[in-house]
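Dropping the structures in below, format is structure tokens.
Below are two complexes that have subunit A in common, paired first with subunit B and then with subunit C.
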Partner chain A sequence: MRSLNLSAISDADRRACEAIAGEAGVNLKDCYQCGKCTAGCPLADSMDLMPREVIRYLQLGAIDIVLDAKTPWICAQCVVCSSRCPQNVDICSVMRAVRLASKHAGKRPVPEADIFDDEFIANVRAHGVSNEQYLAAFYNLKSGHLMQDMGNATRMLARGLVGPAIHNTKGRANVAAVIDRALEADAERRAKAAETRGGEA
Partner chain B sequence: MMKYAYFPGCSAETTGKSFTISTSYVADKIGVELVEIPDWNCCGTSAAALTSPELAVALPARSLAISERELPGLDVVAPCAGCYRSLKASLAYARESQENRDQIKRIINAPYEAKADVLTLLEVFESDDVREAITAKVQRKLRCLKVACYYGCAMVRPADVCECDNVEDPQQMDELMRLIGAEPVSWAFKTECCGAAQQMTVPVQAKPMIERIFQNAAANGADCIVTSCPLCMLNLDMREAEINAARVARGEEPFDIPCYYFTELIGLAMGAEPDEVGIGIHFHPAKTLLLQRELDALELEYAENEARAAEERKKAEMAAKIAAKKAEKAAKAAAAKSTDVAAEAEEVAR
Partner chain C sequence: MSRIGVFICYCGSNIAGTVDVEAVAEMARTLPDVVHVETNKYTCSDPGQEGVRNAIISHEIDRVVVAACSPRMHEPTWRKLLADTPVNPYMLEVANIREQCSWVHKDREVATAKAMDLVKMAVAKVARLQPLHSTEIPVHKKALVIGGGIAGMQTALDIADAGFKVTIVERETSLGGKMVMLDKTFPTMDCSACICTPKMSEVGNHPNITVKSYSEVENVSGYIGNFEVTIREKAKYIDYNLCTGCGACETKCPQKVVNDFEQGMSERTAIYKMFPQAVPAKPVIDAAHCRKLAQGKCGVCAKVCPTGAINYEDEDKLTTETYGAVVFATGYKLIDWKPLYPEYGGGAYPDVITGLQFERLVNASGPTEGHILRPSDNSEPKDVVIIKCVGSRDPNKGKAYCSRACCMYSAKHAHQYLDKVPDGRCYVFYMDVRTPGKGYDEFYMNTLHDGAQYIRGRVSKIYQEGGKLICKGEDTLTSQQVTVEADMVVLETAMVPADGIDELAAKFTVGRDADSWLVEAHAKLRPVETNTAGIYLAGTCQGPKDIPDSVCQAGAAASKVIGLLNKDVLQSNPQISHVNEAICQGDGACVGICPYGAIQIVQKTFRENSRKVTRPVAQVNPGLCQGCGACTVTCRAGAMDLLGYTNESIMREVDALCQW
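What follows is the complex of A and B.
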């Protein structure tokens, strides 16, 4: 934990933290900081904030530390933390909610993770299904990791597991429309939530 | 005949080919019919969930709604754990309230009442009927094969969504393996995450996730890892070589742990050749171990037969001895009786 100037934390910061907890369906006060979530996390070694610390900073209203953290972007969404928490705090959902809040605040502390998911959805929007070979290729291009997994790509080709053919769903235009409507509904919900938060202030 | 709506998932024809091949081999043999949902789309997996909650619900709901319309009355089977979790989470959300269902219908622009259940292949294989059908079709038991059953994270967690009552130590796959004669080992990483997406986005940090799984399987005496998810399979099987290269560079022993789909092993037990169920296109060589264990099993059976024959011989010898003793006793008794009779006759004569 870093030392924190609590008087520098504003009401708006606290509300932003509460909003994240609300999105995740979590009551931040439930967490008594036992650290069991962190103990079981398979990626804790690589995180800048331990899962326990993410909750702690949210409790304290330290929104900026949380939104800038790499942890939620490294998190594999494996749900070990939530499943083992003695207080039933759904930390995995908190990670997801933090990451979305961070993304919507225009941040991407681990650009690769953001690029991967965006490319994945773009791939599904274009074809209705995910074409792994093109996903990997575009991901490498955009993330700048040009040679990543190239050896494995060759091995996949040799086994006939992937090929140049693009798979498409018949109704891919319909899938694209579903994606667009879902993202519109998402934007509406967020706009409404921001309005209520603004109204409270 | 058991019939299900089938959600293949994007890897079914590509990186998960062996799963598809072996599933249809086994399904055919045991009379499970899988009818592909027409015009299904990608479930969105964690990429959708990490983009928008609405999207995470909508993408699976589109396919589920098509299934409800085109294949009414059939539950949906999603063999890939990633697809399963996405579909199941969407279903759980839809079943929560009419309001949720109305929202979904607006987004997918189609009717949907969340009638059908979503199942993993392991759940289908859990029924008594399927187990009996498998037992009836087994031609050779995979004895001597020590398997670490790897369930991964997405099939069991979140427990309330996946309706899983044993998140840390699930048993369905272990039971199936016992049914075909293999020996499941008890190990600690059954439901540990392998970090399929993280291997792309944070490969350096994510590599130990895979290595620890191999390590724990090896430490508990497993010959191989058995999985029920194409994402786990690709991740483990394809990356074992990279992990081994790094281990060798560090001066450590490389692993030699092939991975199989549980359906491949059931297929083998039903008499399939390894290539028939897709084992020939694995990354890590997977046939040598099977041959070795088949040989071990034959030798074990031979030794057991020998022991049984020796036992039979011993039994026969004992039986002969018993019979001889009985005859001896009977002869002696008869002799004694005839002396008695003679003595009695003498007495009567006097």
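What follows is the complex of A and C.
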């Protein structure tokens, strides 16, 4: 899509964009589109929209373009953008908020990133600590990238850096409880926010 | 025999770094008539000047060559120095071995050879110079300010407060100019009328200021200190001595005319005041539309006037007075965008308006009493598009320059619209946002936070569809073509010089640039002077600027005028044209070429071959001549000579270069 009817953008769309920015504690009007975020982004090369463009579409209220964008899912959350922004816009947190909104809207612009997220949380929830060999294995199975990183895996096995043994922390039940509480709180908060905004994501 | 002293400067390493100064000095000692040569690290410094002074006395020098920087830099310094010595200040030649030699060359040998040539030429020329003496020009202690807008009023007030008489010539029927039409002023949002009308009243009541409203400059002659100006006061058909400004005539006048002050958005009567707070606070009759004057019928105003002030027989009055200084404060107008932008409807859509129309719409005393209502149906627009740079930065359709104030007043318009219509949407199409001023960028940022949607890109087309104005543009920040369905569009159009500026500037021989803005004498160092001595610039006649800048410049122009009027007499520049009447043919080629109108042809009687002969010869007015030299190269007979740069002395320079 290379053309936008700005008058066709609804107030609900605008509010949805502002809500996403609000989650990140950002006022979209602060951004004056200088592009310093994009300039410093180590992953810009792999993105479909530049980080600046994500903010720009949010300013315009073009919610669908934002939720379908791959960029927030490719973002590595390195915080270079936020730390360098002259207007103190926390772009990095906006990326996280967009990603969450996108997931809740049932979209997965970069399925691998979503799979990895879910597997990582499940892994930590089960063991109290990340067991990377199993995280990698499940990710490879679910994403279909079966041979990803296998060359490294064989060398690491040979040197005893990884093995089949599972590490469980003593307090893993507590870790699981923390994660559950966080997920519940998020669901509750979203439900409340949806109520006050009149139902959108 | 002349006794020439040559002083060669190192200028630190500026000259000495590239030119072998001592070698130049060695060469200079061999030149004819040179009795003393001296080098100095910094000749212009106090000890350097002292050295020159001492050398003049001890070596009985009567002509001086200084080989140093450009004469633009220090010629006045040397003249001043010579004034205190037995040497005439005009027996001086400056050889520019810095700007035109050491700074532009790298090769030391070549630069040194060139410096030697320059010194040779200067020595050859100075040997042929004659002493010159300034004459005194009287100064009429009275200033003329052309234009009664904010710049003209400020200039007049500043000059008048310094104790000098000022006349303001204003073409319209009231003072106030463009500023009084504006609603608010950025970035402080002061009410424009509230800060402008008190100035108008101050000007109107100032004992040192005469306001000639509804008047224009008819004719000019003279020169600095002595401009003879004829002013045409257009017939007002009302005796201002009798009129009390009660306004009875205006309420009864049956003839309705489009109101220019309200930008065509309402009507006035044929006998009218421009606006209620007008100064002078008295009406005039618009002769073109008055039924009595045009058709001989009506005369209602005369019947209702309680003081009998109406005079249908009134005529234009011409008055001539002499002024010491003139300030142009003729201002600007907005470019006529309609023929230039058919893609914006070319004026066919009533809801595509200009920024000045918006100012009147949002003004409490405007045609809608401050309610923002679109002209077509008086409904409140919910989607407003503001387009910047209409006619500015568009060399193809309009002007290449930036109009400077539009970025700020478009932000102001967006702010005012969102303030008055909180549920409205405002889109501002821009190419850049230029906010260099105190508090300006902060103002723009506040407008963004008010909710104005800035879209980076020009609008390509506006067309009407179902009561909406469809605006097609691009958001270059996302590379998306964007469409806005607007209810009203505000075009922030370019500033251009006021009507008639070309003719008026020609009368005063003030220079104009390609866009007819008046040209200052030096863009950086003489920003309020013109190339014609005694004429100054204030406000937007010199180029687009906002109110603070106009007021600044007005104060600057006033201070120059005060400096001039403070003098009882002026020292004339003696380096002016001189006519050799013996060979002048009186053909007037010089008259046509002179940009200052300084030469005229007069009949003179001579005794030739023991007969009396009367024939035409050129005569130079020493007050007007600026010494540009155009006449000297135009004269076929070679009768014109520029004193200080005589044909003979120039030829000697050429000889020195070619023969010595």
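Assume the second predicted complex is superposed on the first by the 196 of 201 C-alpha atoms of A that agree within 3 Å, B and C clash if a C-alpha of one lies under 4 Å from a C-alpha of the other, contacts with A are read in each partner's own complex, and residues count from 1 in each chain.
Convention: a residue touches a chain if its C-beta (ideal position, glycine included) is under 8 Å from a C-beta of that chain, and two chains touch if they have at least 3 such contacts.
Owing to the predicted nature of the structure, the values given are computational and were not obtained by experimental measurement.
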> subunit A superposed: clash or fit between subunit B and subunit C?
Replying inline: fit
> Once the shared chain is lined up, is A:162 touching subunit B (first), subunit C (second), both, or neither of them?
Replying inline: first
> Which partner does A:5 contact after superposing on A: first (subunit B), second (subunit C), both, neither?
Replying inline: second
> Can A:154 be said to touch subunit B (first), subunit C (second), both, or neither?
Replying inline: neither
>> Just to be sure I read the superposition right, which of the two partners does A:53 touch: subunit B = first, subunit C = second, or both, or neither?
In response: second
>> I'd like to know which partner A:181 touches here: subunit B for first, subunit C for second, both or neither.
In response: first
> Quick one: angle from subunit B through subunit A to subunit C, Cα centres, nearest 10°?
Replying inline: 90
> What is the contact status of A:42 with respect to subunit B (first) and subunit C (second): first, second, both, or neither?
Replying inline: first
> Does subunit A have more residues touched by subunit B or by subunit C?
Replying inline: B
> If you take every C-alpha pair with one atom in subunit B and one in subunit C, what is the shortest distance in Å after superposing?
Replying inline: 22
> Which residues form the common part of the subunit A surface touched by subunit B and by subunit C?
Replying inline: none
> Contact residues on subunit C for subunit A in the complex?
Replying inline: 383, 427, 445, 448-449, 451, 453, 455-456, 475, 477-486
> Along subunit A, where are the residues that touch subunit C in the complex?
Replying inline: 1-7, 27, 29, 32-33, 52-53, 56-57, 59-60
> Within the complex, which stretch of subunit A touches subunit B?
Replying inline: 23, 42-43, 45-46, 74, 76-80, 82-83, 90, 92, 96, 99-100, 110, 112-113, 116-118, 120-121, 124, 128-133, 136, 139, 148-149, 152, 155-156, 159-162, 167, 169-172, 174-175, 177-179, 181-183, 185-186, 189
>> Help me check something: in the complex, which residues belonging to subunit B touch subunit A?
In response: 10-11, 13-15, 17, 39-42, 44-55, 57-59, 62, 103, 106-109, 153, 157-159, 167, 192-193, 195, 197-198, 200-203, 205-206, 208-209, 212, 238-239, 281, 283
